[in-house]
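Chain nomenclature is as follows: A, B, C and D, assigned in order of appearance, with residue numbering initiated at 1 for each chain independently.
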């Protein structure tokens, strides 16, 4: 026996299920609306398009925000159906301040806020965050879980690699500042200015707006480029081993057998399992 | 007993076989012609060469398209020899609309079409697609199959990585637009214009035609470069584990043994197999 | 029974322990001071900030160097508590000339040196080396050890990859010099000048201040870019296998079982261990 | 009983041995001479240095080429000591045309050739090829063998990846030519000219001397950058799995045990081997 609230919750909640019922249609429709909103926000900034279809974009914004507002209210109302947010009042508050609740709120808030202040083009960008919801559609897919597991397992090593990169960046940008300062006082005016060069040298972006011109600065720049490329090999290596580990872990679980003689478990040959 | 149609099919079909018969010669000749065509199309666009050898390039094009047309007709005619396209009429239609049938058609179609309309340099490029046929020569080689298997096995993870990249690209390019718009209204004129900067910053191409100049924009640009390099480590890691998996899978198949006591299968030592 | 020296040593020494005592507080305070010093040195180079807060930065430097000096003296005094530096005189000398001892000395030395000579902005950078100490806080964490092990295990292969890169760099930069010299005598003025282009082409930085303009030079530049990207795949591959090896090594240790029949050890199924 | 020829051969041949005898000294001396030659060739191209030390560089060149010539003659003379080149005449011819023989010849030939023609700065670069000999010193080291094995094992996959890259490069550069030709007739003047942009876009070098300016061209350029970075992940993944395979292969060889019951071989636990 499903109450209206339970039914609302079931429809709005994204589930990966075979039966393509109302919940499936509603979620696809919301995803399409999010996608169209993204396209509208992007195209609206192109002067030639934005001016010509001004009326249309305003109407579409009104429509989208109305739908998103209704969805947000229903989601807050029905959130108590989830065990996590069971409490009638505090559960809903908890949902509102959960990451998904905040993203959903940020998507509608700038619209209502714009009644008070006129120019708020910037906050429209918050609606783009809803694209992140599109990933939720596949939340239950195998792939996302694998990537999440790898990132979680390797969090420490990845953070350490990033720390190495930042450390190297600070040292070499400071060095570059002292080396190049005299030859290019305008470009390398301070360490923060030098950091802009440093990050683009180490990640090999190399815009060309800043580059060392002194021999010593060029030696430093060359070493930095080689070191940069090599250090960015660290996260790649870490992720590669992380993915390999995931696969091996998955493969071996439930594939062990008990030896009646030595009383220990062994790995089973893979093909056996599928027989 | 081979009919003419069956024999035509056997000659045109690419097979990896020891016996270097007529089929081998025909396929090598066609591959060489495809290669020369590619070279001719490329050189033809160089004004100094294109003008001087205009006559030669036209003759060569006429010759190539004639050969490709004969090959195409023979291929359609003999395609019914393949179990997949057995039906005399629908089988051939199916072949014509198969990827290889379309590529073969696109290679000859622009030539005939140019009798009606004069300037069609652009569609000549379609003939370049035939280079793809050169890969077929090695279709049965081990290497291509390994790469195909890896890409198929990891399709989901790879698509998800690409989605992450696009998502990050959209968010950061939109942010860059709102941050840089005021300082450089011409360069960062709209989000689509900003996306051009974004994609070149994240893939570390960095042409230098557009780059942030405000402090906040530079912080964003730096973060984006680091994030970009790191996120592109994801597909590398996925592919690395995919290749490792392929090798392991290949290695272990048929190498299991049955234990007469515990009634289970185990992996065999590798060197044992080659004894 | 702890002497004052032993207690000083225990407080200054970084240990990863549950009990958050005085040692924890002192080390956190020193880390914060190192971090603030880094920020101060960076901001001090920004003219607008550096001039306005000149007094504040001078006071902060005096304060930091005082603390670092006290720490350095206490560290030298108490270093003999460590087995490695046991000898009252030579142990301390050994500590002073150990890498950590030198880094700590370089952080305070420029300040005292500046009493004799006035302008020494450059040597201030030596204080930045103390950031390296921040890594020590996590010296006992698993992640740093894994990365260290991988780098140590793969030292030979990584050095060889770097040698390949340098070799390719020398050959192709010299070639580029002889090819481009005539067309751009100013840009490609010598092989060292050409190396600056070479290293930025091979690491794909590509500032755009130098690039080949002759057809032959462009062919070389193109080949070099492809080879460069491919060769930098070597260290990534080496690191990836290194990390995978670490994990496998860790996983299997202590997981072997003895077979009472064949008298040999086998790997245990992973899940068994956690039972 | 060692003949003079055998002794000469033993001294010149690079061997990895504990005993640091005459052979070791001679090889180190030759390596140092090769290294100094490289430095001299590079510095000689710097006008300010080249002119000032002209006399010194000429003398050093004379000296180096003399030593290299003596070494070359001795090497040809003693080459017959190696089983491979046993035949008194054809063995030596075979050695002269072996890769190492050719490199050694190319290092001295330009000097003698310059007596007939004056300006031959370009061929001096051939002497740089001798740097490659420095790798031989470590020929017997484990690391070089591992890298060689990986490259040999993965040759097919790596070649196929390079083919994919070239195919993508041709198609997208041709497309870019037809798209950008009208807007930038000078930059994108022909497909070969467009290829220069293509290779620098795909390898993410991005000098900035050429880049698409039409909206369609920018979409193509963006896709190409993303595809380029992703495709270059293939060789990295292949190499990573190759290195992992090498390690596993090495680890498992000779580590199998025979089971007296099922009469099969199994892998031994690693730690057992080292007991």
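Assume a residue touches a chain if its C-beta (ideal position, glycine included) is under 8 Å from a C-beta of that chain, and two chains touch if they have at least 3 such contacts.
The model shown is predicted, which means the values in this text are computed figures rather than measured ones.
Taking only C-alpha atoms, you rotate chain C by 90 degrees to land it on chain D; that is to the nearest 5.
When chain centres are set by their Cα atoms, the one at the greatest distance from chain A is D.
The mean-CA centres of chain A and chain C are about 29 angstrom from one another, to the nearest whole unit. In whole angstrom, the spacing between the mean C-alpha positions of chain B and chain C is 41. Among the residues of chain A, those touching two or more other chains are numbered 192, 195, 204-208, 236-238, 240, 244, 261, 266-267. Chain D meets chain B in the complex at residues 156-157, 159-161, 163, 167, 170-171, 174-175, 177-178, 189-193, 195, 201, 204-208, 211, 215, 218, 221-222, 225-226, 228-230, 233-234, 236-238, 240-241, 244-245, 249, 252-253, 255-256, 261-262, 264-267. Against chain D, the residues of chain B that register as touching in their complex are 38, 41-43, 45-47, 121-122, 125, 128-129, 131-132, 134-135, 138, 141-144, 146-147, 150, 158, 162, 165, 192, 195-196, 199-200, 203-209, 232, 235-236, 238-240, 242-244, 246-247, 257-261, 266-272. Those residues of chain A that touch chain D in the shared complex are 204, 206-208, 236-237, 240, 244.
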